[in-house]
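Following are the structures in question.
Paired with chain B in one complex and with chain C in the other, chain A is shared by the two complexes that follow.
Then we have the complex of A and B:
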């Protein structure tokens, strides 16, 4: 568990979702972890850098296509999922197992963003 | 931009008959606030039903919202009010092109090119359509070649129209990119009618590798899809059937996520078949 930061409560809310093994706030431009709440064994720093980069690419491609701001990103793999949502050069990243409820996590992350979770 | 919106809103409140609703609606549309933009332009049209630029704006908003039939109807009205309007012809041409209705696209784009010969995007799209139809290009060769898909046509089909039969009538588009982000097949026509396939491909180059690396570090196995939502669209990606590339599908924002995933599956099947035919 991280020390108290402006993001602690939001990250704690996300980690309580079923199947979630980690949630982080990452700087989009350099992939550095700003705050995290991870289960033991989750490689936060590496995932943060890669997730931030993926989110950045999605955001830039959306901009290139004239599709407006990218909001929510979801990556699916054989044994898990990664979710990302961003604002103000910060990206909230959540890592979850396949049993996680996508809809609930999506709503929780969008709500956190709406509530000013990333400023 | 928000200052402009405020200024134009105030101006419109002071003088509801002002044409400033066109600026306001366009600004809101560009910000992705299509519902608000629609409201503004519809109110404007109540006062100015014969104003061609207002119908043109309404058409573009309709495209953003995936209401292609409505967009087509509005541009049709523009042409009745202003028969030489190149913008309306261009919009209708791009819509037909996106839907694989190449003969109609050629007719509209040809008229648009006559009305606005300086618009390179019209000339380029027209060259591609004529190329697909087997007609000789009437634009300079460097323009015709510029945004061309990188792969040779398989089975005699233009690489740009490979997914036309799969993606259907709505605002949906599909692209097949190689491992370097270069376009192999498909087209990406943005809501404003521009073909942005190359730009999108360039921005997404390396996504496949990065997703693979992230999954390896997380020990989550191979990645199967990435879906991201934007103000105006839902974009779904999957690994290309072969060669480390990427497959991409975009649909209007209000398209159900489950449907977009199914569409991605169908596009993947089509890409696999096309690559096998061309091998």
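Then we have the complex of A and C:
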């Protein structure tokens, strides 16, 4: 997305992490991209819809199991990882290659959330 | 899952769409309002009403799009408190059809749009060659409409 939004700076910080190929803010209930910073080839709308659904179900599962709110979701796949964290019906989704530093991404996303990145 | 179809080539793509997008209701119809397939409806009357309304909404939205942008709008989404509808055209070699689908919090607009794209591709691939051109609204429209409803609800 070319125009600046309240999320642009936060997304730019995440995309600068080594191995990160895309970061997005997605509406949890709709699965629609609110803002994104993606490398060419990343299917933003597809990842957004599926990741938001996954995060929502993980959140509901954690709540149903009496574990409280889901804080940080990490999905490991053959060639990379998907991270998600949410608040206020918004989910911050980061897609990274296997070479990415998980710890740094996790810290960056949690810090962005604490700083009110999702309101 | 129960999918009722008038034309067999529609069944598999619609079944996958319903299963993957986790929608409550799905209706595939001709822009004239004739039903081709349905999932989730229990009464022929409901299908008939939904088809008539969907065809009318599609025609109105299409014309509005042409007036505003020079081309019809691609899709229409309406969010209710509990349920949402998504209405969009599907192009095939046999012509254009309309997909009307209703979903709740089990799904999302993003998921429905995602699987609608896949449904479009599958339906286009499954569609047989176009038939001979026919009149827009056939003389026996009502008879055909009733026949389709009877096929869908097992009264054929």
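By definition in this document, the second predicted complex is superposed on the first by the 117 of 119 C-alpha atoms of A that agree within 3 Å, B and C clash if a C-alpha of one lies under 4 Å from a C-alpha of the other, contacts with A are read in each partner's own complex, and residues count from 1 in each chain.
Everything that follows uses one rule, which is that a contact is a pair of C-beta atoms (placed from the backbone, for glycine too) under 8 Å apart; a residue touches a chain by one contact, two chains touch by 3 or more.
This is a predicted model, so every value here is computed, not measured.
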Checklist entry - On chain A, do chain B and chain C fit together or clash when superposed? => result fit
Checklist outcome for this item: In this superposition, the partner of chain A with more touched residues, chain B or chain C, is B
Item to check | First (chain B), second (chain C), both or neither touched by A:50 | outcome: both
Checklist entry - In the superposed arrangement, which partner chain does A:31 touch: chain B (first), chain C (second), both, or neither? => result second
Checklist entry - Once the shared chain is lined up, is A:40 touching chain B (first), chain C (second), both, or neither of them? => result neither
Next on the checklist: Between chain B and chain C, whom does A:62 touch in the aligned arrangement: first, second, both, or neither?
Outcome noted: first
Checklist outcome for this item: Smallest Cα to Cα distance in angstrom from chain B to chain C after superposition equals 9
Checklist entry - For chain A, which residues lie in the overlap of the chain B contacts and the chain C contacts? => result 46, 50, 53
Checklist entry - Considering the complex alone, what residue numbers of chain A touch chain C? => result 26-27, 29-33, 45-46, 48-50, 52-53, 56
Checklist outcome for this item: The answer for chain C against chain A in the complex is residues 105, 107-111, 113-114
Item to check | In the complex, chain A residues that touch chain B | outcome: 42-43, 46-47, 50-51, 53-54, 57-58, 60-82, 95
Item to check | chain A partner contacts - residues on chain B that touch it in the complex | outcome: 31-32, 188, 190-192, 194, 196, 199-200, 202-204, 206-207, 210-211, 213-215, 217-233, 235, 250
